[in-house]
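Below is one structure, written out as structure tokens; comments come after it.
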């Protein structure tokens, strides 16, 4: 078994890669109110799960986009993972296509709202130098 | 614009490929009670959406597995698409890995129940000659 | 303001009409474990809400079928209200049509599972002398 | 089988009627980012499903309002269909009544938030000349 | 059986205690559009259910926070009950802890969004003289 | 930072206490198909989160019961935590009361189905010597 610090570092590295942020806001924004939740995101969600070699990061982001678009109740996280999918190698067309498909499995409202989330992510990326 | 029959045929072919059934039960089982719902599945869900070239079928099944495992309220369809993911090129280890990841985005109960669905699909495949 | 007994009686009468049961099982089955929940169903759900004159019972059952089919996590209650819709004046074709429409707003899996619930209700009605 | 253009036209006509918009925004707003999703809404959701004669449009809107209010995760679409229900013949009192009933089947928070959506729709209609 | 006025008064008293408002806004804000929904909240939700002696109010607020944080689709009500939990005797640390736990049962997005709701509630309390 | 083995042991101990099982089935039943998911349950869900001192176990089980009863899509886990709540110090009357309250926040169907889950748990406990 590995040292816990390794989980944290490994998780943070993937978070940095997915978010494109040196200090991922999903962790830092929790520092004042629920720092351990931020730590669990780095250590468990990313360090334990998302860094496992059994599935590559692009595949994982497709799974996550499917989950969050279908649930339809976590817009900030859907935007985070639409951006993450792009950083993990998906094209914009592939992301849109995945979200259109949500109409089949969770209905048109979920698909439309997910596409609107993608529109915001694409715009933010276009306006970043 | 293409002839409607082409949508139906194209959809049916993908349904046959995903399900491994010559006459996909998801359509035939609706024939007596809601035949047009079965027709919409073939024509729209498969003929219009799942056969679009923008995303390959293995990617699509990862999105769908993510959606259905997270929703946690459609066990028969989750089993169908776990089987479909395997027929579209995923390994069993990849499917399990995708479902473990659901614990992060929709909680452990959703992940555990999805893994149990996978167990049933794997067993059914093992018992089929 | 009316006497509480009137809420109970009025609710029970609508429950009897919707369920076709002289002693509605949804209330009696709770008698040993959560009798007050059964009482709230009669007094509040039916006595206070479903008997209000602003919407007739057939319209109300369409709303409820839409809600339960979309949520997809309450099969016994969906069956109860599919039966209730029929007792409130919907035809079987209208019920099936309402459930097919759920594919648009909550996805095909929700619609398919709701149609399967309708199949059970129709069969139970056909086998009752 | 009919020509695909007829599905599109028929769907658009119902969309125009429900929304009261000559160029329904739900379709046009997707034109730049996911035009085929807009096309599927017109062709499939409206052209194939909502225009079927088995259920009239007022009944359909009651089903949809029930579904979206219960899911509680698609406010823009709930507002669209509250407006649609009014355009399909429901009175405001009937819409409010349907949403109050959601408290019974999906809880008070869902009902309260749906009534707030209705308030916005009513205000928008009142402020339109 | 008691007089209906007693249900209303008893419910209102608990609503006042939980909200810290002399005229609870959840009721008054519905007065113009759905007054009976406001009345049902006072009479049924609070007068009938939340005032029952079988569970104390602090326990009840933990149950409700768990429910609303997991559903993830009712932010105004989650904020109301985070505030209510504090007024019922929970510390801020206990509330945050309950919300972190939601990550296990409904996923990290639900937990993060619930913690953000708590942040707003804490800030509002801090800025009230 | 502590050694990872301590997380596992600490988690397992709480799992044993909650479940009343020497070898908690929720972990062992995953051993053949997704052993790491079982490990994450012991290490993260229980070792990291549920054993934190900020909230006692009885409070935690009330939160979890609220979450799972409201979601309404994880019956095995709801039964596990109804049993866990009893093992953590809740009385049966308190559990039933918490589930009745779910009617207010997630609707009567969710409350009724949760009470039925409680009935199964109570019966299983009564039939165990």
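The chains carry the letters A, B, C, D, E and F, assigned in the order they are written, with residues numbered from 1 in each.
The rule is short, and it goes like this: a residue touches a chain if its C-beta (ideal position, glycine included) is under 8 Å from a C-beta of that chain, and two chains touch if they have at least 3 such contacts.
Bear in mind that the values here come from a model prediction, so they are computed numbers and not experimental data.
Contacts with subunit A and subunit C are shared by B, D, E, F. Touch-path distance (fewest steps) from subunit C to subunit E is 1.
Chain centres here are means of the Cα atoms, and by that rule the chain farthest away from subunit E is B.
The greatest centre-to-centre distance from subunit F, using averaged C-alpha positions, is reached by D. Taking the mean of the C-alpha atoms as each chain's centre, subunit D and subunit F sit 40 Å apart. Centres computed as Cα averages put subunit B at a distance of 31 Å from subunit C. Shared contact sites, meaning residues of subunit B that touch two or more other chains, fall at 36, 40, 44-45, 49, 52, 68, 70-73, 77, 96, 100, 103-106, 108-110. Taken as a contact graph, with one node per protein chain and an edge wherever two chains touch, the assembly is complete, since every chain touches every other chain. Across the complex, subunit D meets subunit B through its residues 1-5, 36, 40, 44, 48-49, 52. Those residues of subunit D whose C-beta lies close enough to touch subunit C in the complex are 44-45, 49-50, 52, 54-55, 59-60, 62-71, 77, 93-94, 96-98, 100-106. Residue ranges on subunit B touching subunit E, taken from their complex, read 70, 103-110. Residue ranges of subunit F in contact with subunit B, taken from their complex: 26, 30, 33-34, 36-37, 40-41, 45, 68, 71-74, 76-77. Listing the residues of subunit F that touch subunit C in their complex gives 71-73, 96, 99-100, 103, 108-113, 115, 118-119, 122.
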